[in-house]
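First subunit A sits with subunit B, and in the next complex the same chain sits with subunit C.
Up next, the complex of A and B:
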């Protein structure tokens, strides 16, 4: 199955481990994620003002590229797969708005002028949805090295779930990452704050706000005995991971907790260790994985 | 004159002129009495000095062109943009790394790009300007360098961008990063530089300096035969 894949900027810069592990794991399951030959920024944040048509140009242009790509026969479907939660959210919501609002669609068309008109035939999904649709037993069958004894707390953040109607799972109690981790043989650690805010873009101007929010989440995971946190969002990964430097300054005695992308654990369980990219994570998750006997590499 | 040659009406900065059809904007303006001190260079579409904006009769569209390339149309309103104010950063290319961080450090405004594509529509070279700005934003230096390769720095993209980005500076930085850090210097260039430094061409240059106009012209016209 060849599906169009929209990476977004972060997957090409600070979250290359997310992309590499995702592409390798998906391929191992028979899903070829084919990058759009031409793409631009997702739009970053969904425009809430009703007359803010300018902010729809970026996401809709990408959806036009998906249609063009499907027509050229590079992929089998017009279901575009995202990895970054921000890209997922922005593309999904822009898609819904213009499909519903013909007047807005017309305006977008007129401003773009040179593009093929968007036919509205694209479906925006997240890789977790693709995996769920495959059936968890298929994922489990592919596992070569079960993540036995590894205690992982799934963390969703906001953009994969909210607002209601646009999420990939139940808004209050999502289960998709839990099912995946179980299929990989890991032990799921449930934390009530798994859908709470990580502080998002406050990380630019108000690091201490992010540090406080991250601390609540990380502390809960640690207290529940988690070895690490799994996420699907590069911004959450940054705020919960590298931002632990700020957490340490605010909370004495804070013990670092690794934060990884769910795809890295998937690659590890599939025996694709060279595609995990754990060396890019901060804090380093490898000591915890080594302690559970899950790493082949000698170092 | 009007009887012999087909004439068209153009408006140069609002002033009406009758000029022969078939002239370029630049020649038409000279025909109308303008003398270029800025805004004209190679006259061959390569240097980017003669950026011009215009509207044609009955159209709401503001279009861009090189004055030395674009043929006048009847009812055309023309204004030249001989210079686009833009800050060009100073950097030492040897010290930079070819990634997205470099673009954001020197030209942070590129993060304001909304992918509206106005720059691409403004480009007289038909370059996919927005696509190369976007490639730079995600650190794809090679793509940004290749897509912007034909840029002549006329500045029309920069004056049209609603996010106030100066795309041609981004493209130039991308090409410099690409050639210095990704491709690296090629052997034939290094060899030629060595030859120059060793004085291999000094004698020839000295000889050329002594030639008169006619002899120089002869040399120029027969240059390919002599190779």
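Up next, the complex of A and C:
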């Protein structure tokens, strides 16, 4: 199955490990993620003001690329797969607005007169949904190295779940990452704040506030005995991971806790160690994985 | 900011109607549905940094009090939509926060600037952090 894939900017820089591990694991399950040609930044946030048209151009232009890909037979479906939670939310919501609001759709087409008119036939999904649709038994069958004994706390954050009607799972108690981790043989650690905000873009000017919020989430995971946290968003990963430097300054005695993308754990369980990219994570998850016997000792 | 408590007891003044209507139009939300239950505020992760609780912001808008634009809260809100899934009246409070920010940003107001950041720090940030930050907080 060949599906169109929208990476977004961050997957090419601070989250290369997310992309690499996702593409390899999806391929191992028979899903070929084909990158959109000439894609552009989606704008990262959905335009909430009702009179805004300008900020629909960027996301919709990407959906035009998807329709073109399908037409030229590059992919089998018009279900565009995202990895970044922010891209997912932005593309999904822009798509919903122009499909419902004909006037807006018309304006978008007029402004982008040199593009093919968007036909509204694209469906925006997240990789976790594709995996769920495949069936967990199929995922489990592909596992070569079960993540036995590894205790992982799933963290969803905001934009995979909210607002109502745009999430990939139940807003109060999502289960898709839990089912995936179980299929990989890991042990799921529940934390109350798995859907609570990490502070998002305030990490730029208000890193202490982000450190406070991240600390609450990380502390819950540590106290519950998690070896690491799994996430699906490069901004959550940054705020919970590298921002631990700030957490350390605020909370004496804080013990670092690794934060990984769910796809990295998939790649590891599928025996695709070269695609895991753990060396890009901060804090380094490899010591914890070695302690569970899931990675070879350092040579 | 926080105007004197006595102002909170005031009734809606007809001259405030246009501000209220503008916020309703920009946000697409029916502000008068709010009955001040406080559910939005109780689930908000950022109240410690706010001067007005999210439910208070909604109350100000109900009263058409333009002073709400001076509140720190509208900039502290991270658009996490926690309030939106909690509101029993179906109000998307995040949309109202956005409308209030837009009323300021459209007057060419910049809440933040990247100039204060060290180049080193800027390079380490994911693009989605920088772009969303500028989209939300600058004109």
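Keep this in mind: the second predicted complex is superposed on the first by the 295 of 299 C-alpha atoms of A that agree within 3 Å, B and C clash if a C-alpha of one lies under 4 Å from a C-alpha of the other, contacts with A are read in each partner's own complex, and residues count from 1 in each chain.
Rule of thumb we're sticking to: a residue touches a chain if its C-beta (ideal position, glycine included) is under 8 Å from a C-beta of that chain, and two chains touch if they have at least 3 such contacts.
The model shown is predicted, which means the values in this text are computed figures rather than measured ones.
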{"item": "Touch count on subunit A, higher of subunit B and subunit C", "value": "C"}
{"item": "Touched partner set for A:58, first subunit B, second subunit C, both or neither", "value": "first"}
{"item": "First (subunit B), second (subunit C), both or neither touched by A:137", "value": "neither"}
{"item": "Which superposed partner A:72 touches (first subunit B, second subunit C, both, neither)", "value": "neither"}
{"item": "First, second, both or neither for A:41, with subunit B first and subunit C second", "value": "both"}
{"item": "Which of subunit B and subunit C A:9 touches, first, second, both or neither", "value": "both"}
{"item": "Contacts of A:171 with subunit B and subunit C, given as first, second, both or neither", "value": "second"}
{"item": "Shared subunit A contacts, counted only where both subunit B and subunit C touch the same residue", "value": "8-9, 13, 41, 43, 55"}
{"item": "Residue ranges of subunit B in contact with subunit A within the complex", "value": "99-101, 113-117, 120-121, 130-131, 134, 137-140, 162"}
{"item": "Touching residues (chain side subunit C, partner subunit A) in the complex", "value": "25-28, 45-46, 48-49, 76, 78-82, 84-85, 92, 94-95, 98-99, 102, 112, 114, 116-117, 124-133, 135-137"}
{"item": "Parts of subunit A lying in touch with subunit B, wherever the complex brings them together", "value": "8-9, 12-13, 38-41, 43, 54-55, 57-58, 61, 111-115"}
{"item": "Residue numbers on subunit A that touch subunit C, as the complex places them", "value": "8-10, 13-15, 41, 43-45, 48-51, 55, 84, 86-87, 158-159, 162-164, 171-172, 196-197, 199-206, 209, 212-213, 234-235, 238, 242"}
